[in-house]
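Encoded as structure tokens, here's the structure I'll be asking about.
Chain lettering (A, B and C) follows the sequence in which the chains are written, and residue indices restart at 1 in each chain.
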Amino acid sequence: MERAVHDRGVWPTDMPIDRSEHELADWELLTDALVSALSSEGLMNVDELRRGIESMPPDEYERASYYERWLFSAETILVEKGVLAPGELDARLT
Amino acid sequence: MSEHDHDHSHDPITADGEPPAAARARALEELLVEKAVVQREDVRRNIDRLVSRSPADGARLVARAWVDTEFKERLLADARAAAQELDLDSGPSPVVVAVENTETVHHMVVCTLCSCYPRALLGPPPDWYKSLPYRSRAVSDPHGVLAEFGLELDEDVELRVLDSTADVRYIVLPRKPEGTEELSEQELAALVTRDSMIGVAQPVAPATA
Amino acid sequence: MTFRAGERVRVAARTHEGHHRTPGYVKGKSGRVERVHGRFRNPETRAYGADGLPERVLYQVCFAQQELWLEARRGAGDTTLVDIFEHWLEAE
């Protein structure tokens, strides 16, 4: 059966588990807080967040850090809902 | 399959040591505030709430359950209600389930599909919990994973791996270490580690002086 | 159909294109209902902006690790418990 990239249970791997601790960076806290705020505003629920994450191209999903995936999903859902225009965030960054 | 079985970014790091996602997150906040989609104060408040939660909250539940059998029964029956007794808010998940480790049963928790975690009771999850190898191997090789965390179960202990795939959040009630009969509830709470409430570690009694 | 704790069930082996919360490693596997968690909105529609109604019953299903993979390394009694929505379960 075809496995989606996020469906990790029993995914073959011999990678050890990296147990180093890391304090969440400011942008990671910000991303988390933004998603919570969007959820309170009824603009994005947890299932949409997950679906947006799952829509990442598989190699990008595997490469991305946790909150990079959240950010990707938030942007995807917000563009879908017309809150952001496609490319609007990129334009802001240049 | 992919060689990329680790959970950190390969994006170039900018001069200030931040990945490009950092600027992106800030720009997103700016845009959403300008559009009045979210309020900056709400975002700040969410950050405050996020950093205010820590494993110390869950540890209070565990320590109370260790010293009060009736509380333990209530915790196992309805962890959300039991948390409220200690003025702890167990978060937006409608159902929080506490599972008890005993001499014959050991529980450990994973979320193979994403990273579901009882954040309101334990704070944000550690990186390893969110990592691809943990999400894969906690179900396919749980004894191997426990060994990496330094935990070896006796042969006759049943290992129960909980995959929190849906709306329920799980917190493990670890075993009370031997030789802690004299400790106060507060002293006991200090022994309860985050990892023991995920089920990959066992609390240990303080070394006697 | 509603299952009760203790009943044997099998997870549907079907593929599902969109968002869903049934991990691949339990599809087609049999287990036993351990708990009935209650009714929850359906993530499969909620993930696309719908209200997720009608709610679906969510179960905790207990699988013998030996049922999930033949080479379970040790502990014949070891189990894996997974939360699965009713519409993914069939009576066995």
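Miscellaneous remarks
The working rule: a residue touches a chain if its C-beta (ideal position, glycine included) is under 8 Å from a C-beta of that chain, and two chains touch if they have at least 3 such contacts.
Quantities reported herein were computed from a predicted structural model and do not represent experimental measurements.
Put simply, the chain farthest from chain A by mean CA position is C. Among the chains in view, B has its Cα centre nearest the centre of the complete protein Cα set.
Work out the mean CA point of chain A and of chain C, and you get 25 Å between them. The mean-CA centres of chain A and chain B are about 20 angstrom from one another, to the nearest whole unit. Looking at chain B, one finds that residues 112-113, 139-140, 163 touch two or more other chains.
Each of residues 7, 9-10, 50 in chain A touches at least two other chains.
Those residues of chain C in touch with two or more other chains are numbered 23, 25, 43, 68-69. For chain C in complex with chain A, the residues that touch the partner chain are 13, 15, 18-19, 23-25, 27, 43, 46-49, 52, 68-69. Within the complex formed with chain B, the residues of chain C that make contact are 21-23, 25, 35, 37-38, 40, 43, 58, 60, 62, 65, 68-69, 73-75, 77-85. Remark: chain A residues 6-13, 15-22, 24-34, 36-38, 40-41, 43, 50, 53, 58-59, 62-68, 71, 74-75, 78, 83-84, 88-89, 92-93 touch chain B in the complex. Note for the complex: chain B touches chain A at residues 1-2, 4-11, 18-19, 21-32, 35, 37-39, 42-44, 46-47, 50-51, 110, 112-115, 124, 126-128, 130-137, 139-140, 145, 148-149, 163. Within the complex, the chain B residues that touch chain C are 94-95, 97, 112-113, 139-144, 153, 155, 157-168.
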